[in-house]
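Labels A, B and C are assigned to the chains in the order they are written; within every chain, residues are numbered from 1.
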């Protein structure tokens, strides 16, 4: 009989089994999770590593950091910087508006039916991107769109200086799905703001503003940070919307995912390694974001554990 | 005029009354418990006093001031929650001084009061720890300190010990009572545990389905329950069904055996009778009935004997009904065995006919 | 139990949200109804008729439905036993599992697709539509993990997996029996929820499908060259369809115990 205690050493009472002594964690349990991990390996981890590998070798399969260093040259660093800026801006703006909307359907006490309508709408709208989003943007703020006409009637003439087919358009479009994305992420966190904390603060004499400043926002801070991290990478990795709005050529200077795509399509014969390096750069930035996200989430979990 | 006067308090949710016609006067320094099963309205009443719920009608006067419509954060009432509700982002010390901080107190006052409170709950060493690093009992004591730090006029406790282990519950409830006595503060304590309520209160309010069943001292509640609900909810009273034999002579019968009671109030033939187990003494069947100390005797057969530590409970079958008799544990005593016929002897006043 | 009093600001933020999010949709709707404005018909559903009667529309729709179902089934079959196993036997892997399911949120889709193309470049997977289809399904599953894992994880955390399993084992049940007859029925809400989400996501996805040249539902709009109104009408149809789908999901999977129980009052 084998008595397995998952935390400590496997206690084995048969002499034969003693010969097969192996570290405690390596046991048949791994068979149960093998399918999942194999799948992740095949479709996520290995592709990622092949990109990393491709980024760090040259045509002769020799290790080189040249392609990675090239990322700091202007032609490649510009789209990185631009995309990071756009991602930060849309994360903050979308995050703020999304937070307010999430607040209003949770703590703000809007009726339950409105809450489910907002949540189901957000589920759809957070995925609204690419060509449809571009259409919607054009239909709203395009040259002959009703809003444009409305604004010019009030004296605000958007055109000819404004165009949706540029950075501003991208920002407006990205914000469109960032808002509902934020709603989906923050609603559970806001629901987790226990009513007793509000009541206890009330009871001890705090005004609403004091409650938010001293209790609620500090408690929400980790969730907010992790949400912002998610929003950032959501915008950073977005492709289809930018592809439609600015296209490959010009767009490559603006949005890094477009640059990667164009690199792969044009240079797949001539300079694949640069493409890999660009993609690896994206992975690195994404990795940093997820570290931030995990750290913030860890803190949020900790505080949720206190009290019953 | 009492310190806290609650008049005709009512709370309606839709068509149902969660609390109906609640009246109570609490004196300064008194410890009152609201006792009842889940859903009886005790917590709702407490929350109305605290200000978290607004009454549908009725009045709450605190120290002569009508606080019925005053918002919570201006009532100067301290509240201890069942789930502690400590702010997880703050240390123990920050939690305790929170009320002082939002009240604009000086740093000096905050420092001194916090130290004072930590001494009061005997936990000076945890000042810089976070709530999640403390045990449940410690968290609740910190919650108590936080509520008391603002020197409230009234202390409210909403089932504060329900989430804790049995042993901690015992020691903590005594500590709460000691602190309350020491500070001389009026307190209202909500619980569903009758032993808790009886052991530490000056008075108990027994509630059921939104209404007050009985208000009285623990002794009154236990020894002289006024309604069937109170009798069955509080303590381990025997609840028996009896019949009127002779109303003029106060004679009733239980399972065919006749007894004398103090008073028969309700009309009708079928009665509800409460019999206190600790007032019953057991005798061998062979014993001479007339030599027994008390007037009332019931014959029965022992069903089972339960050893509860300091108390031994003997369950006896009459004809169709069962009676528990409690006796103190005595290692030298000869306990009856199941199947043995016995005599249950008890005085007149141990037996009450209920409304 | 005190509910949150509705604050005035709630309505303000809601209005702002509706403005920003609703206006573009309304404008799109308006556009889609105006293909015959020049001909004097201010509102015309002709674009919609054209789209719905286009054989390519239904072809792509069925293709996506098939892909969606396949994705859902494989995803569920991967996630449910694994979550169960981790919770039962390897609780220390829980955070790793969660991290794995969150990685796709952070790894950009194009990086994932190009990685797949690069890794399998010399295999059959990259030659021909069949292989690319497999890659697409795999990519879908991975990409949807962050959204599909959460309901399943929540459902498993709500039940005591260890106790149920031990009880079933003591009564003589095999692993398959335990999984199918004891565990699955108790996490069914979360599984259904996850299945709906997977399906909805697969239906609306197009980055992966376009990069892998698969004719999915959302790829329909790219194929329309002649007419601008048809893609716009398609946008409205697609949005409405997905919203309807998710609203149904909300109703069908509404389990009283799964409603957010953060209000610990009494």
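The working rule: contacts are C-beta pairs under 8 Å (C-beta built on N, C-alpha and C of every residue); 3 or more make two chains touch, one makes a residue touch a chain.
Keep in mind that what you see is a predicted model, and the values were worked out from it rather than measured.
Engineer: So which one's got more C-beta contacts, A-C or A-B?
Structural biologist: Ranking A-C and A-B by C-beta contacts puts A-C first.
Engineer: Where centres are the averaged C-alpha coordinates, which chain has the largest centre distance to chain A?
Structural biologist: Checked the centroid distances; the maximum from chain A is B.
Engineer: Using the average of all C-alpha atoms in each chain as its centre, how far is it in Å between chain A and chain B?
Structural biologist: One centre to the other, that is 54 Å.
Engineer: Which whole number of Å gives the spacing of the CA centres of chain A and chain C?
Structural biologist: Spacing between the chain centres: roughly 16 Å.
Engineer: Two or more other chains touching the same residue: where does that happen in chain B?
Structural biologist: Each of 52, 82-83 in chain B touches at least two other chains.
Engineer: Two or more other chains in contact with one residue: find those residues in chain C.
Structural biologist: Correct list: 2, 264.
Engineer: Could you list the positions in chain A whose residues touch two or more of the other chains?
Structural biologist: 194, 196, 308
Engineer: Provide the residue numbers of chain C that touch chain A in the complex, in ascending order.
Structural biologist: That would be residues 2-7, 9-14, 16-17, 20-21, 23-25, 27-28, 30-31, 78-79, 81-82, 85-86, 89-93, 97, 99-100, 102-112, 114-116, 118-119, 138-139, 141-142, 197, 200-201, 204, 206-207, 210, 218, 221-222, 231-232, 234-235, 238-239, 242-243, 246-247, 249-250, 260, 262-265 of chain C.
Engineer: Could you list, by residue number, the parts of chain A that touch chain C in their complex?
Structural biologist: Within the complex, chain A touches chain C at residues 6, 29, 32-33, 35-37, 39-40, 42-44, 46-48, 50-51, 54, 97, 100-101, 103-111, 114, 116-121, 123-125, 127-128, 130-132, 135-137, 139-140, 145-147, 175-176, 179-180, 188, 191-196, 230, 233-234, 236-240, 257, 260-261, 264, 272, 275-276, 279, 282-283, 286-287, 289-290, 293-294, 308.
Engineer: List the residues on chain A that touch chain B in their complex, please.
Structural biologist: Touching chain B: residues 194, 196-197, 199-207, 210, 214-215, 218-219, 221, 302-308 of chain A.
Engineer: Mind pulling up the chain B residues that touch chain A in the complex?
Structural biologist: Result: residues 50-52, 71-74, 76-79, 81-90, 98-99, 101-103, 130-132, 136, 139, 146-147, 150, 163 of chain B touch chain A.
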